[in-house]
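Here subunit A shows up in two complexes: once beside subunit B, once beside subunit C.
Entry: the complex of A and B
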């Protein structure tokens, strides 16, 4: 679906390359996440994949075509939702969707049905300027799938959303995947990436440091232990135990019987911790 | 065509809700009516009460009003582009089948087309213009001035408020026809840097029967307009990216 070989890119006038030789491929129907701190090159990579920057070096093929050579018909097949929803503020939701719908020659969804699916049917005749951030993000997503794209590019899809809206957005993305779309997400929200992505790529300083599935990473790099915090007289103490065979661990059972337990947690690692371990960088 | 029709419908919707934008269409039509009905009345009154022959200045009045025509759709398009840039719409259009090129084509050709229609209507209906072959030159230069003004606003204004202020400053463009008509040689040439000077000269020399001079003003004016248009387009692109 997407195949990238030795991708390099330098902005005009910049002293150094923003991308320094990326190699990756994305399979059809996959949700693939680019993770990295601001300025790492993930947005530049996305801009190249959506055909906005064409002066790159290396090979970039999407849907079987070299991006450098694609014309405007490429946009019939891909959908893009930028981080900040850009709409005609004075137009209503439905007016905006109808306008963008008319830009496509191919088959499109009925905007009303899509709005209903996204819980925005009541807002159809509201002006976009009156919508909340969460509604605008859903509308943004709605527009990106209007023309039934095969590949969907989402930039920070859960950015600034409250937990409820964030959950709705994740479900919508998973639904597109189940319909067969390939989804590429750019984010620095590790939790969202962990929940959504089949595979993630860590980008730092224009390099990909690692590509793998979040689950495999956590299994491989996590610690299978339980940490017990307990009170011994007035002192707070902590001890770690291997999860395997914990039911027969005498010391563990003795702690439970003998001391008041304050907390007890498994020590599985998070994607964020793996990112810090692998790249030596934080995401902020 | 479906794409452009959608954009046009969007523009009509904006026009209907924004009196300022509406005036860019109604304005030129008003000019035609004012010239057609108002000029003779004013002329009669000035002759009777002040013994002043306004008819002697009829060609000045014609060219003065003609150069207003591209200003209105030009600034309308410029203000819409500023809005669209503020809202990052240009970036989004860039990832639809319209593409950035399609967007620019629409935003720059629409004011040209409106200027063409409205200036031809003005020449045919205002009653104060001379019907002469040289009018073709004048119309072509006016048609180029509309996108020049649109790009001028977007190239030098950071937002719509600044754009409005700049569109008021475009009143300076009246220097073109005033200088072409009233200022004698060689001082008149000081105004060659004002775009409106060229269509004014082309029209006025045409009326004076200097066909060759009219062609000269047109050809050099055309080069000047095309260069200006290209330069402004590049400044605009730099500010949009």
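Entry: the complex of A and C
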């Protein structure tokens, strides 16, 4: 679906390259996340993938075509939702969607059905300027999938959303994946990446430091232990046990029998901690 | 073609929604009142100058205003992440504003002098001048950060295009202004009350088409460099 080899890019007038030889591929139907701090190069990578920066070096193929050669018909096949949900403010939700719909030659979704799916049917005749941030973000997503794109690029899809809207957005993204779309996410939000992405790439200083699935990373780089918190009289205590052979661990079994257990968790690490360990950088 | 038509249709609605047409009807009404008091002997000249300086040049302020409004609403990044091409975007602005100019020019002329002698030539003069000035305005606005900056810069850019007015008032040899496309505009507008030779018609159309072509190329390059690059940078960080 997407194949990138030795991708390098330098902005005009910049002293150094922003991208310094990226290699990666993204499979059809995958949710792939680019994680990295501001200025790491993840958004430049996305700009190249969506065809807005064509003066790159190396090979970048999306949907079987080299990006520097694609024309406007490329946008019939990809959807892009930027971090800032911008629309014509004096027009209603449905008017905005109908305008964008009219710019596609291929088949498109019925905007009213999409709005209903995203819980925005009651806002159809409201001006965009009257919508909340959460509603605008959902509308932004709606616009990006209006033409049934095969590849979807989402920039910080959960940025600025409250937990309820964030959950709705994640469900929508997973639904697009289940329909067969390939989704590329650019984000600082490790939790969203952990919940959504099949694989993530850590980008720092124009290099990809690591590509793997969040689950495998957490298992491989985490501590294989279980922490048990229990109440001994009134005192809260905690003990750690190795996962391997835990069924025969007498002390562990004794704790379970003897004390009221308050919590019991495996101690795999977080994606954020792995990022810090691997790159030596934080995401801020 | 259907994408261009969609863009034109939406531009009309955008201009209507932002109240541009309401303001323009008001401006035309003021012109009608003023023309009513112009003595008959001067009416032709005043109407021609009015048509040249306002309907034909309406795009100078409006096109810039529209692009600034769109820029302010951050719409360009989303718009150009669709199959819409920059050339279609520019043509839609140019065509929609030129048609507005044409309506205003006919309204003013119709009230001041009645039906033009050569309506097709008169209409072509308004349309080609308006589209050229609209594109000039877009090339200027992408270099401006504020409405005040745009107004100053657009006046500077349009200044050379007003020089043929000196020729119209017989100040200096008219051949001096022949390379400026608006010389063709003045000739075609004059067709509303006088007859042009075939050479004059050919020259006027040719110089205006050439002017449109060159300014379209310049506006296209300017917009691509100044607006789209910044919009992409604004849309996605890092």
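Simple rule for what comes next: the second predicted complex is superposed on the first by the 245 of 284 C-alpha atoms of A that agree within 3 Å, B and C clash if a C-alpha of one lies under 4 Å from a C-alpha of the other, contacts with A are read in each partner's own complex, and residues count from 1 in each chain.
Operating definition for what follows: a residue touches a chain if its C-beta (ideal position, glycine included) is under 8 Å from a C-beta of that chain, and two chains touch if they have at least 3 such contacts.
Owing to the predicted nature of the structure, the values given are computational and were not obtained by experimental measurement.
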Combined model on subunit A where subunit B meets subunit C, clash or fit: clash
Subunit B versus subunit C as contact partner of A:214, first or second or both or neither: neither
Subunit B versus subunit C as contact partner of A:186, first or second or both or neither: second
First, second, both or neither for A:38, with subunit B first and subunit C second: second
Partner chain in contact with A:105 - subunit B first, subunit C second, else both or neither: both
Subunit B versus subunit C as contact partner of A:155, first or second or both or neither: second
Subunit B versus subunit C as contact partner of A:206, first or second or both or neither: neither
Which partner, subunit B or subunit C, touches more subunit A residues: C
Touched partner set for A:90, first subunit B, second subunit C, both or neither: both
Common ground on subunit A, meaning residues reached by subunit C in one complex and by subunit B in the other: 50, 52, 72-73, 75-76, 80, 82, 84, 86-91, 95, 99-100, 102-105
Subunit A partner contacts - residues on subunit B that touch it in the complex: 2-3, 5-7, 9-10, 13-14, 17, 87-89, 91-99, 101-102
Parts of subunit A lying in touch with subunit C, wherever the complex brings them together: 36-44, 46-47, 50, 52-53, 72-73, 75-76, 80, 82-84, 86-91, 95, 99-100, 102-105, 143, 155, 186
Subunit A-facing residues of subunit C, complex: 2-3, 6-7, 9-10, 13-14, 17-18, 73-75, 77-78, 80-85, 228, 232, 234-238
Interfacial residue positions of subunit A with respect to subunit B in the complex: 50-52, 72-73, 75-76, 78, 80, 82, 84, 86-91, 95, 98-100, 102-105
